[in-house]
């Protein structure tokens, strides 16, 4: 880390900073340039990070030299992390295609969805048992009943089940049924929930928060990995901006940036990113072209009857068409589906 | 609600929408204007809201005519909600001044903080026992020990304790010590947590999420009130924008807008909104001028030693000066401190 | 258009709205639904749009039923607009690859740049003669001298010249040398400049403003087309968001949305969108996959000596590699380069 | 400036950076800390700023130690700049209250507006002759005719005239009639226009762009001051964010931040910031409380007939009430109106 002092910082102020650093066991090197003094710090990184250096008089800014995450960084581990997805894999050249309804509404809907996404080449099935909804008056999910339907769908199709955990009190329940635990965008910085899924043996699909930076997403993943679970899949699903033509703005550049900075696999959710069914295919192809390791797509046997997200869900025919194009482009970029 | 069809919508598409609405027990009235057809809907509001109307072919947009929240709206309750804050009140002409450290670090620091904020006119003391931190390597709070120090501070100073709940599994613990339960910005849409604090008898201080709209904040409050707890204080604490000169951007207009739309009291957190100690006073005065019912300010016996948020915490002398100006302006706008 | 009244709107307020509309020659149809009154308007669109309806007492919102642009809309013209780009074309299955330095620095640099981008398959050469720079102390461009070098580069390579116009007083000058006039992001809503280029016979490359919505971009294009120039190329070049890992956030979904709403061709600028040379290739491929009609890429004979944007410019070897991948994907999506 | 190298930067890469700096006449000091090398630079600031250092291999970031503006900075000039506003002043304890219609629509409307704002205490009158409008179909202003009406209003009321310049070709015309030249938000980075008004003797009111940072606003002001005109008034008028409850988000913290960093006066435009007439008063009071040197408010003899911005314009009675509160608070903060 490096401290940049104000232009008018006094020698007394500079001395105070150095004293505080040395008192904390760190080394401080002073450098004067232009009319500005900078102070370079050597010492235990976490300890120094905890010091309130910006509160000291005369300090303008504190600049970090190293990235704040470690275990998830490319520097820590050069080779791609590959996460098991049922009988298939995701990451390191293996492309995952997870699809299914926003929420589990009935046994029949769930089984049908699993069947048709499987038939079109999906390698995982998604479905919500607990639904985070902006309105308390909206459908909140079927709970354990939904998990049972998903497990039945897995049994029939062989597809691994991806489902969201919203509450640490439901962890044991979800663990009994899921193959991958999804942490939703609204919970990306629910740090106790992250710590909880860091202690289990299942892969975690961690969605980027609506206003989370890429660095914050990687820090959230660091919580999970540090707690003991290295199997994390990151998911770009759009960020909140001023643009209203789409539900969110897909930050497509996040894909190559994360691939460069981290060894963890990255997938894209074109349904939530756009909120519009006609954008799922172009955004899916763009994601693959940009280097994504997978996709998670909303698909429903009859979107016009869906209890949530109908406007951004593909129907069976639409999913079949889009999945075929996805498969072609996955091959074009030299990856394997599953 | 009203449905706006695409310019080129066919009679078949229009019929399908009407059919779906009638099948769900709602009335549909068709109106053709310019080259566009609109369909007005009459029927049970929640039921209609659950229909995936935007997924139907030919539908351009669904426009809501009524605000999506009810219990928290000004229409539902004309008079201001007044929330008890220990022996004082907040809302309806009573101004609350809550101050204290970001996190409880020690017994001495907590008692000192409570003493000096009390001496300068605070009506509540804040302090974190569980800390949401971006980095898993940062200080995470003292837990129950912190709650005990806060309770001791209350005993000595008489100030009610405001502290954050991050995890529903800690609810009973926090209930034993707190006077007001804070829900942090990152948990504003942690719906199970909202439901949990909706079932208790303590007031809830609900902070706006970093990228939450005003409407989403009111919907989050609706979760709490609907679950049975009408004592909710809303808190504007800055939103995330492209501007980097401040930690967040204080949305000062949110204060008069919320006051117009809801009967719930609104306070402002100038410390988190700005991240800079020198901005606390101007933003505090601006908040009062804009109609806020209170402030929550970070203050610390020695900010330059704080384990978190030192750069945005007032020291005792600074807090005394700022609190004096706050008191003057509270009087100027015709409100009572406490 | 449709007016939505407040929940508590009085009959007098409703009458006033109707009266104002009829006074302006429009028809008003009242419809009462739930507890809300809506008023549908029939009449001359521009005239009604000019009325300050939202200022009338009791009015909650005015909802537009039709898109505010006409001449640039898909409804107005079903078939793709194809814009000539020198001897080649852009739009309607023809893919344009425009490349060159941020700014023209010397005769040699310009000629070299034109030669190597031509050799790698570019169909146009870009280069700034007048440079919009945040700082008055930064290099502002060579002016007419730069235009002469660009013209010389065209003569040698045959590549058409794309260059920015910043000031209506330079229009005649730029017209003497350019093949396509670029309007930069900062001037997207410089309406007099838009009107000026609307009166000339050269194609206009219109870049999206940093915080412009897609609708505002289309409205800016409407200014040009309405003034008489139908040859407009739209350019998505990233929007400003809270994310700092990239210079801007490429709104990749803007490509398919604009293609659906407008007949004008859309290209992507991966250099300005990301600000990082290593992102140019993945974002270029993503743009093609999402349906873009072209790319505009910064390339420089020696980026490490560039007077501007060196960090986001490809060198000759890098451009050759990326252009080869671009050509492959253009073929894959079934388009023709040039 | 200081260069931060990548963690894995090689000695060759470090040498290359140092060589480039020395070749450009600057001094480079190398410092190794943690696993990161930083290079401090001493030399001519503008020259170094022009080097494409971030394009060099191994460079992670370039950190500026000094603010990029000089002439507008507090360091350059400690005392507040006071700008003449007709017979009154703005800045340095003098508060300016500029009011009037969005656009000049007729002689009568302009004279009436000037009369009633004068009667309620305004110290300047505003009115648009050239209007930047998103739609080419909306009213674009009366041009010179409007300027003549404004001049007549000044003659009658004594109020100085504030009006917008959109096009450098209109500069002479506007100079003949205006007392203060306004540069609108959409032209904040129209650098040729900034340079043009930098060469005249009239004060310039520079509005912050919709997505401009505070630093970019100060850089835009630097263009004007550097060209020779030191009389610049900065105006915060709301920035574009995801929130849709207001037209823009008033960045109230920008006021104290600019006051700390620059000697130029800062005013606030609550009409454009909010877009809602009922928010003008609370936001005006908040602005004064935060330290603003003035306000610019839209007021119209009959907002419900206005050709633009009717929904955010005060009528005569509303303006009288709000102006009275403004006068009280200006006195409370110890400033003088005019």
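Going in written order, the chains are labelled A, B, C and D, and every chain counts its residues from 1.
Methods note: contacts are C-beta pairs under 8 Å (C-beta built on N, C-alpha and C of every residue); 3 or more make two chains touch, one makes a residue touch a chain.
Worth saying up front: this structure is predicted, and the values here are computed from it rather than measured.
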| item | value |
| --- | --- |
| Length of the shortest touching-chain route, chain A through to chain C | 1 |
| Copies chain C and chain B - interface residue numbers shared by over half, same or different | same |
| Centroid-based (C-alpha) most distant chain relative to chain B | C |
| Separation of mean Cα positions, chain B and chain A [Å, integer] | 26 |
| Between chain B and chain C, centroid-to-centroid distance (C-alpha), Å | 39 |
| CA centroid of chain B to CA centroid of chain D, Å | 31 |
| Chain C residues counted as touching two or more neighbouring chains | 45, 211, 240-242, 244 |
| Complex contact set, residues of chain D against chain A | 2, 4, 7-8, 29, 31, 33-36, 38, 40-42, 45, 63, 65-66, 75, 240-242, 244 |
| Interfacial residue positions of chain A with respect to chain B in the complex | 20, 45-46, 49-50, 52, 54-56, 68, 130, 132-140, 166-169, 186-187, 189-192, 195, 209-211, 216, 219, 222-223, 226-227, 240, 277, 303-311, 313 |
| Partner chain C, residues of chain A touching it in the complex | 211, 213-215, 239, 241-246, 249-257, 260, 273-274, 278-279, 282-283, 285-291, 329, 332 |
